[in-house]
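Here the structure comes first, spelled out in structure tokens, and everything after it is commentary.
Chains: A, B, C and D, in written order; residue numbering restarts at 1 for each.
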């Protein structure tokens, strides 16, 4: 299957370049009967769109979505849902400086060795602009998961550069430009970003995403495990260099007696596993973390080569995010939603007739400690 | 596509339970003309097999592989290669204690909520025994990658519990039971494991895998990126809870000026990206790390519930690895090989006619610092 | 994989309803470097578009295609090519009569039992309007096949109702509204159609498609045989009820001595197999025939039921083709092109390194009889 | 996806050559809880196996199947079911005559141009022996369809060479070596076959398959229509050259008023469509026909070429079916079952929540004419 399609049953086929006519996707396999309007999707797109604070790219893109098909009288019909977002601010600048050079840390060199051609107008297909489409498709997935299963998916920034962001309250996340769950730290984050910009540099970030109310039983061993598909989904986001489930790399130094989540009739006593056991959801919160690299678009002279192999120095000017992690939270949420809806459908395809042996236990027993509470709708 | 098939063009369809008649797989899409014998595969299986030191499970499985099809006169024919490994030591013990309880930290509870049935003879399909099949299939992939592209894939343990294992030399890796690239640390590792066993506990580990000589251009954006498929492959291995590419979670605190790998005519000046840019191989070493949790099979009383929802305490006896990370290195190598061969085929499917713009630069410029040298054949 | 995506490596993901905002598709996996403009695609669309003669639907659709992505500076980039065709003549009529009834012979009843909803504005997703997208995507495939391999794909009508259409010359096919390879029979065909319309009835047709210059070796046994994928592709076209390869149902009464195509150094002595042996192309012309049913949209009273299960009589008014076979030739050509390009890529994915044993023999030996000559560009 | 895997959710991955160690497959995605034993599968295999009458190949293969995995305590577990059939009668003859020549009408030439190698011991992978695996996997699908949905799938021979076989009674089908639904014609068929063998020739046949009790709503437009997937499945069987749904090629000469199946509250008034409308099952019997060519294995001198391109004459000796159609009925039934179970799962994946608008009507109204009655269990 071609690399621009995500999913097995609920599929998203993405298209579009940062400086082309439009970006968009075809969502196929969506269950029929879901109430859906462009406003549902737009709300998520607005969370990710550029130009909303001084800390992100100043490109002006309203990211207005048009539903071209698959919805009739306000409900999904079960047929493909095509989503279209016209590009508005694809400035046709002077590309003569960059068309024959490879920006270091960017995909230019790799793309040209792959395809033999390069869309030098900007990132082209490798631009983070593509992620708007994921958010749009994810909005549909999120809505179905919430309405059908009560699943709530929320993310937040847990670290910016060297600044850890202690989790305070879900309610804070949408009150700041960083998706930080902590109002007290915002000034510090803003100061950090102002410094980074002043120094013409960029910075990394860590994002966490949690899905609550996921029923046990989703995931397809031995390869398409729920956690494996989550890792694939997250690592497919631009700039992501690491993915963790549950305690992630923390497990390396753990003992089994510490890591192993015990069960009681009242619920699990901890959630080190992050909601996945043997590749299948356990009914606990799905917990995912991702590492996002500092962007390589730096307004400083850097060494590189040109297409004839000669050394050059170049700086990347233009409108870029000094921390791509800032806008990554809605994208990570969207990708988690896309994985979950796909596995929801896969699970009932094979196992619709299964009667579970007994009522499921609670995700977490009353009183069990968990640093981050279940996400709130 | 069902969850037991890995890959798009070079596919591995796995089957078998830990206590059933056999495990095995069908490898389809292998290029014809590859010299292949059972000995080629057996050599890799022997690296993973149980019972080779006191630090791993004492189950006695010779893991003898039989090639059932797809090879004629010592060469692959291009048709499906079926591999069969009969189980030898699937002791039929007394399951009455565990058949109605869910081992904490295991897949029992999740499996039964998924399928409505459970193979209580052991881990069943969720057992790490399944990974032998990955190693067998990976042996074919490794051989083709090496012969066709000169690619060398090697892994090692870089941390055991709280003990970091500094990289010394590739030559050490196969000289000890831990796949540690450092002879001096072996006594410390053995002491750690002896202590863990004595305390009836288990411990986590970190594994790293590197592929050298991978040509630029492999990977299928925007979803089937090379790093996304690697993350998927690694997270699909039992007990893996985190995956990193290149600097991984280290990027969170990095600046762009630090992370971004500059290019010169002589090669890249660093490899923070881990050999992947924009989801496509850059010609640098592919660097992957994975976090492996401590096994949940603990010979200690732990709280759990039974199938009627009543509280129980149970301990997991039997033959288990106190550190599943010890045998994970060959598995991680195999999964990386499976990803790479699949993308090698995908790349030439679409881009066989592409003439790259110029001779590629070296993975690393002479004198550029890299903590771990390219893997040696 | 969802049902709106065609192909394995060269994929077409289709969307759109007959009375929605637009139809279109995303073509992924196209090799880069192919010169491509909207005019290349428009030329094929114009062959299929409605309203071009009195014998087809009078719906006025210019079927103007817009390329939204994947083409830069006149060449494909290897990234997804999105094609958009806005609907122009989706008259919003009075649906009150049909919204609660099932048109007999149409997909209405089946669609509503599948999805629980129905787009009653017209055929919706089941309308033959969807086939415009196939023609658009097929135009890209055709162009690549011709430029890269010299493959020529052409179709024609070989029977209209009870009138067989003897093959005369390829040059005639584009000179009439029927795609008939025979100028002398046109008056007879027109008389037949005028009679059918006058009688408020519809009629079936038989279409044949031939691909010349296909190299030997394409097709993926044992399931994704070239002929199996062709059968799938053709039967997926609206109104098709039968598919034949080579002699098709003629083989039932044949002897082996008659059917079996002998080989000589100068070429094959006949082509009963239709260019496929064991599911793999043999280097002979690929020959395909398809049966197209008379449309069920009849302006006569017919018995049916309504959504509450009550009997009704209804007639289908509106703009319909009295013989959907008339416009089917470009669609069948497109589908054959889509199958062939997909297998071209699949073949080189696995077997790019294969050196065939000797120069291939000609498709047909000089002097060997074949009723239809190879298609001309 | 590789060509040896059939299906999207219920997948069959096939392996094995006619003269290798074994043939078999991995069935993945089977719903758990299905009672399944080797005897269930063996019963179907015995219907297809060679050597059961003088009219078929005399190769002695018991075709004994072993279930290697996926079944526990007599029920499917939802994990992959591996089936193994060891080859018994793969005589190692003298291949020196054929190893360097291409048998005319066989896949030899095409296979070697594809893979660059050939398994000259016999048909290798292209042998009809591979179809035993389809029958084995189909037995599982058949059982689930019957138990879960009451679906009955039965086939029969409707024509042998030039002898049409009028349908009499389902009960006759298993009473003769031809799967003929007509006792009176058996002598004529036997005489035909004796004559063919005496003349060292072979002959074609037509097979029909019918599935009753299929619920409406199965099939995934616009490409993975139920009829499209059936066409793909049937054409993937060795020697099949044509596939029809419902009236098939008969529709070419039909009028719409004749073809269109009217609906009444009591049921459909006819079944020209063959149970599929718009690519979705309508609740009527699924009716499929296939054309099977005369085998090309002829014990007569035929012209061909050798691997150096030189002309040769050769005759195919050995044990062959003079009419491969005779053993094709169980294979066609199996393929139809595999398509149906796959679509059953796909349908509930997307549309499990759909409430159909009203109770479905009967497949056929009482008194409506249909030449062949619904199949009997």
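Keep this in mind: contacts are C-beta pairs under 8 Å (C-beta built on N, C-alpha and C of every residue); 3 or more make two chains touch, one makes a residue touch a chain.
As the structure is a prediction and not an experimental result, all values here were calculated from the model.
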- [ ] Call it same or different for subunit C and subunit D: same when shared residue numbers make up over half of all numbers used at their interface.
- [x] same
Open item on the list: Of the chain pairs B-C and A-C, which one is connected by the greater count of C-beta contacts?
Closed with: A-C
TODO: For subunit A and subunit C, let me know how many angstrom lie between their CA-based centres, rounded off.
DONE: 39
Task: Length of the line joining the C-alpha centres of subunit C and subunit D, rounded to whole Å - done: 25
TODO: Take the average of all CA coordinates in subunit B, do the same for subunit C, and state the distance between these two points in whole angstrom.
DONE: 45
Task: subunit B residues counted as touching two or more neighbouring chains - done: 1-5, 8-9, 14, 29, 32-33, 78-79, 114-116, 125, 221, 346, 351, 354
- [ ] Would you tell me which residues of subunit D are touching subunit A in their complex?
- [x] 1, 9, 29-33, 78-79, 148, 221, 345-346, 348-354
- [ ] Under the touch definition given earlier, write down the residues of subunit A that touch subunit C in their complex.
- [x] 1-5, 7-11, 13-17, 20-26, 28-29, 32-33, 66-70, 72, 75, 77-82, 84, 114-119, 121, 124-125
TODO: Using the touch rule from the top, collect the residues of subunit C that touch subunit D in their complex.
DONE: 1-6, 8, 14, 102, 104-107, 109-116, 125-126, 130, 159, 161-162, 196, 201-206, 215-225, 227-236, 238, 241-265, 269, 273-274, 276-283, 291-298, 300, 302-305, 307-311, 322, 346-347, 351, 354-361
